[in-house]
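Going in written order, the chains are labelled A, B, C and D, and every chain counts its residues from 1.
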Amino acid sequence: MTSERKLEHLLICNQRDVEYRGKSTGFEDIELIHKALPEVDKEGIDVSIDFFGKKLDIPLIISAITGGHPAATKINRELAKAADELNIGMGVGSQRAAVENKELIPTYSVVRENAPSAFIIGNIGAPQIEYAEAAAGMIEADALAIHLNTLQEAIQPEGDIDARGYVESIEKIADIIDMPIIAKETGAGISKSEAVTLEKAGVNAIDVAGSGGTSWAAVETYRAKEDYIGNLFWDWGIPTAASTVEVCESVNIPVISSGGIRSGLDAAKALALGAECVGIALPLLKEAYTGYESVVKKVEEFKESLKIAMFLVGANNVKELRNCDLLIRGKTREWLTERGIDTKKYARRI
Amino acid sequence: MTSERKLEHLLICNQRDVEYRGKSTGFEDIELIHKALPEVDKEGIDVSIDFFGKKLDIPLIISAITGGHPAATKINRELAKAADELNIGMGVGSQRAAVENKELIPTYSVVRENAPSAFIIGNIGAPQIEYAEAAAGMIEADALAIHLNTLQEAIQPEGDIDARGYVESIEKIADIIDMPIIAKETGAGISKSEAVTLEKAGVNAIDVAGSGGTSWAAVETYRAKEDYIGNLFWDWGIPTAASTVEVCESVNIPVISSGGIRSGLDAAKALALGAECVGIALPLLKEAYTGYESVVKKVEEFKESLKIAMFLVGANNVKELRNCDLLIRGKTREWLTERGIDTKKYARRI
Amino acid sequence: MTSERKLEHLLICNQRDVEYRGKSTGFEDIELIHKALPEVDKEGIDVSIDFFGKKLDIPLIISAITGGHPAATKINRELAKAADELNIGMGVGSQRAAVENKELIPTYSVVRENAPSAFIIGNIGAPQIEYAEAAAGMIEADALAIHLNTLQEAIQPEGDIDARGYVESIEKIADIIDMPIIAKETGAGISKSEAVTLEKAGVNAIDVAGSGGTSWAAVETYRAKEDYIGNLFWDWGIPTAASTVEVCESVNIPVISSGGIRSGLDAAKALALGAECVGIALPLLKEAYTGYESVVKKVEEFKESLKIAMFLVGANNVKELRNCDLLIRGKTREWLTERGIDTKKYARRI
Amino acid sequence: MTSERKLEHLLICNQRDVEYRGKSTGFEDIELIHKALPEVDKEGIDVSIDFFGKKLDIPLIISAITGGHPAATKINRELAKAADELNIGMGVGSQRAAVENKELIPTYSVVRENAPSAFIIGNIGAPQIEYAEAAAGMIEADALAIHLNTLQEAIQPEGDIDARGYVESIEKIADIIDMPIIAKETGAGISKSEAVTLEKAGVNAIDVAGSGGTSWAAVETYRAKEDYIGNLFWDWGIPTAASTVEVCESVNIPVISSGGIRSGLDAAKALALGAECVGIALPLLKEAYTGYESVVKKVEEFKESLKIAMFLVGANNVKELRNCDLLIRGKTREWLTERGIDTKKYARRI
C-alpha cells in the first residue's frame, strides 16, 4: 500500500502540475543589489560550504524524494551518481516502508552504493523514534532528517492525522541518534515559533521547505476521490523566502532553504537571506527520469548561475554573499514587517 | 406584494450573479500561519461552541433567508432538517409578512417543526417593535435577529427609506423580549461606531453580514426598471473581514461573521479574527433547492475544511483557534490601519 | 480662428475618447464607510447648499464648456434651461472671443436668457484683466471664473505659452471686480502651494478641475499635426481626489471639486473630503447635444445617487456629509502621505 | 574577433528586443507635480547646462555606443553630425579595439571630424590604464568614460570576468589623465556604496546607466549558444530612477542619469531627482541608421517635451527644475525607503 502510494507520488509529480498556484516563494520579492565594482574574479569564486564536517562543493542538497518502490530504485541511483560526482548533499525519501519491510531496503541503499562519498541524509517521520537507527544505518547516513508533513497527511485520504507528541519524539530521536538531526518541512514552511521549538528539542539544522514549489496538497488532490478539500488547501503554507528569514532570525543552527528553489539566482537570494545551503526536489526528480547526466547538467547550470549572482554582488564566497545588500519588497516585506522583522537592515548592510 | 417579492428574491438569488463584483470579503488577505508542529490529533478537534446556552456542533448559522411565500416553505423545511441533523443554528427570513398575514405563518413555522432542537433565530426589521413577540413565538425562537438593510431599502423601488428611530426601537425590543437579541446587517457590514451603539442599545450579539458575498444592491438591480443606481451601489459596504475585526475590537458581546463566507477555511479565518461563529446564506440556499442532503453534505465539507485549518495551525478547539498567529495583508491591512487598528498584534500572538 | 477652434473642441469632446487613460481621479480610492444605523429619513435629506449668497438645490455646477461659435449657442441654451429648472450653477466657456468680437455675444448671453435665476459664472483667462467686466456683464454673471490651462496651451499648436504675471493679473481682477472670483483649472489640478497663492491673490473660491476626467492634452492631441507630444502629456496632472484634499487642507475659501466627477457617488466622496460642491463638464455636454431634458434626467440621477450615498452614511445634509468617516486608500493615500497630509484622520472622524 | 562582436551588437540592438522585460526604469513612479501658475514664459526656458566648462544646449549626452568595426563608422558619423548641430554631448564606444589595432582608429576619429566643437567622451574599460591617453587622444576627447559592465562580461561567452583591481585602476587613470573622468555603468546601475567608492577614487562624474532600458544580459542572450543564463539575468540591475537618487544623494560630483531614458519627460524627472544631465543610447542608435536628420528630429522632440515639462512645473531653467515638487511612488518609493532614503522631502520642496 505505502509502496503503491510512493509510485503514485512519483508519477503525479513527474506528469502533473503540482506546484503552488496562487502563492509564490517570495524570491521574486528579493532583489540582490548590483555592485558595479565587485572586485571579484569570477573564476576564483568559492561556492563550497562545510556542512557538518563534510565539504559540499555546491551549497545544494537534493531534497528527500523517494524510496520504497522498485521504480524508486532507478531515481535514487541516478540522483546518487550525480550527487557523488558533484559532491553535493542528497536526502532519501521516507524510510518507514523499508524499516517495516526489509525487501524494500535496496530501493534506499542504492543511494550509498552509488554515492560512496556524498553527504547522504536519511528520512523518517517524527513519531518513528524506534526506526531512526535502522533508517540511518540502511544508507550509512551522514545525517537524519525528520520530516514534518501535516498538510499532506491532512489531505491524504489514508493520512496520519494525529500530530501529538511530535516534539517529545523529536527530542528522543535527537537524544538517541549520534549524528546531525535535521527537522524538515515538506512544502508548507516553518515559522519562528516552530523553529525555536525545534532548536530547543535538540535538532541540529532546520530545512524550511516552504511554499511556492511542490505543493503536497496538490499532489494529494490528484490522488483523492473528491478534489474540493485539496484545491482549497493547495496554496496553504509559509512562502519559502519568508520562512527562511523567520527561521534564520530565530535560531543559531544552520538553515536549509528549500521549497521552490529553481535556479542559482534563487539560491543566491536564499543564502544572502542567511541560509547555509538550499534544497531542490521536483526539478531534479524530473531530470533523474532522463538520467544522471541530466541531473549533473542541471546542477552545473545552477552552479553557474549562483556564481554569476555572486560575481555581480561582489561575493568571493558564501560567507561574503551573506553580507551583501539586498532588498525585500512587496508581499514578503509585508509578511516580515507584520511579523516583527525589520527588513530594512538587509538593505543597508554595506 | 411582499409575498411576491420574496419569491423574486429567491429566484434571482438562485439564478443570477448576485455577489459583489469589485469588492471581496477580504478573507483572501488573511493568512493563517502554518504550524509545522501542531501537537494536535485532528480526530480529537472540537469545533463545537456554546451559543447562548445551547451547544452548536459546528460554529455555523444558516443565515436568515426566507419565509412569507409558499415557495419558501420547501426551502425552510430542507434547511431546517439539515440544521437539526447537524445541530447548527438557523435563521428565518423577515417575519413581517406572517405577522401581518397569519396565513403565511406555516412558511416559517415549518422550520421549528423540522428542527425541534436546533438553535432557531427569528427575524424582524428594526422599526417593528410590536411584531417582536409574535415573530419569536411563531417559531419558538431561541433568539431574535433585528435586520439592518438600508442598502437594500435604498435601491428597492418600494423600499422603506426612513431609518430614523432605529436605535430607540432596538432598545425597546431588547427591553421587551426575553431572549438574546442579535443585530444583523444583510451584506453591507457594521462599523466600529455602529457596533458600540448596538451594544449600548442592549443587543446581545452582532452579526456583521459584511460585503463580499451576496449584494443586496445587486439583487434589487435585477428587480429595478432602471439599473443605473443599482449598479453604482453594487459594491457598497464594509468587507466582511474588516467589519469582523472592527466589531470584535469594539464590543464585548459575541460576534457572528458572515457575508461571503464560502468555506471552512474562510470560517477558520473569521474565528481566528475573533468571531464566535459564522453565518452562510447564498450557498446553502442553492443546496436547499436540491434537498436537505445536499445542505448536509455542503456543511460536512465546511466542517472538514474548518477542522483541517485548525489542525494545521494547532488548534484543538475554537478557543485555541482564536489565539493562533495570522497575517492581515493588502487592502484589509490598509483598511484597519487607517481606521486605527493595529494589525501587527494578530501576527505576533504566539 | 478662435471660433473655429471652439467648434473643433466641441466635436472632438463629443465624439472621441478624450479622458485620461493611465490615470484616474482617485475617487475609486475613497471609500465612504457604511453606517448600518443612519438615523436618517432619505426623503428628508437636504442636498442644497448656499453658494455665495444664492441657494443651489444640488451642490453641482455645470463646468465651463462653451461659447464663441454659433454651434455653441444650442449647447449653452440647453444647459442653461436645465440649470434653471434644476436650480444649479453653470459656467460659460472662455468669453475672450465675444469680448473681442461682439457678434459672438449671443452665443454666451443665451445662457442668462434661458436661466434667469440660476447661478451663472463668467469665464476669462488670467491675463485678460481688461476683459473681466465685459465678460461678467455679458451674462449678468453671479461670479467670474479665471481659467488656468497651461497644459492645453502647451500642447495646442497656437497656444499662449507665456504664463508670466498670472498671479499679479489675478490680484488685479480680484481688485476690480465686485463679485466672487473663482480660480479654475481645466483638468490638471491645483496643488497646495498654488492654492495658497490663489487665496492670497484674493480669489474667493477654487475649482480644482483635476485629472481623471477630460484631458486637454488629449483634446489637443486630436487637433495637432503630430501626436507625439500630446500622447506623452495625455495623463499629466494632479488627480482630482488628491487635488481636492490638497486644496481643502490649505485654504479657507470654498473649494469646487471637478475633473472626472461622474456620479452622485463621486460627488458624495468629494464633498466628504471637504469640497463645497462639484463640477461636471463632459457628460453634460454629451446630454446637451440630445437636449435639455436629457441634461435634467442625468442630473436627477446624479442627485438621487448623491442622496443614497448620504442616506447610507447617515448624513441629513451636506454639512453632516463632511463629517462622515471615509477611507483613503491606494495611490491617493500614497500621494497624500508623501505630500505630508495625514489620511488617517478622515477614517476616524466619528 | 572584437570587431566582429561590435557588429553583432549593433545588429542585435537594432533588430531585436533588447530592453528589460520584467523591470522598468522606475520613472513611471515619478510624478512631477503640476503647477497651475508656473509664472514662466515657455519660449524663454533655458535648458542649457554647463558641463565641465563647455555649454551643452540640451542637457543630453548620446551615450557610448560604437566604434571598432567599419559598420560603426557610419553610425558614429551620423551621431556626431547631430551632436555638433545640436551642441549636445556624445560618447564613443569602447576604444580598446582601436588602441590595439590602429587600423580601426578612423571608426572612432570620425566623431571628432564630424563634431569639431561638441563635447566628446572617450571610452575604455577599468583595467585599461595604459590605453587611457591613446583613447582620449584619438578623438580629442573632452572627457574620458570608464565603463563598468560586469553583467555583460558575465553573460558573454568570451567575457572578461576578473573584476579585481578595478578601483585601483580607476584611481590610476584619474591620476594620469588630465581631463574629466566619468565612471559609467552600462545598464545595471550604480548603488550608493559604489558611488562613494568612485568619488573617492577620483572620478569627476558618474553615469548611472541603470536598468530599464537596454539590457546587456539580453543582448548577449541573443549571441549565446544557450540562452538559459542570459534569460535568468535579463532583468538584473538597479532601476535607473532608484540608481539616480542613490547616487545623487551620496556624492558631490555631477551625475548623469541614463538607461531607459526615452523622452524629455523622463529627462525632466531625472533632472528633478538631481541629475546634471541625461544619456540616451538605443533610440538614437536606431535613428542613426536612418541618418543624422532623424537623430536631430528625435532630439528636437526630446527638447520640446523637456521644455513643456519644465513649463508645467514652473522651471525657467534646469536649476529651478531641480527644486520643483515631485512624488516618488510605488516600487521606487519602496526601494528608496528600504535603502534609507527619505522620499517625502522630494514631495515637499516648495
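FYI, a residue touches a chain if its C-beta (ideal position, glycine included) is under 8 Å from a C-beta of that chain, and two chains touch if they have at least 3 such contacts.
These numbers were taken from a predicted model, which means no experiment stands behind them.
In this entry, chain B maps onto chain C through a rotation of 90 degrees when their C-alpha atoms are superposed, rounded to the nearest 5. Taking each chain's centre as the average of its CA atoms, chain A and chain D sit 43 Å apart. In chain D, no residue reaches two or more other chains under the touch definition. Under the stated contact rule, the graph of chain-to-chain touches is a ring, a single cycle where every chain has exactly two partners. The residues of chain B lying in touch with chain C in their complex are 148, 150-151, 154-155, 161-167, 183, 185, 188-191, 193-194, 197-198, 228-229, 232-233, 236-238, 331, 334-335, 337-340.
Chain C contributes residues 33-43, 263, 265, 301, 304-305, 308-309, 311-312, 325, 327-330, 333, 343-344, 347-348, 350 to its touches with chain B in the complex.
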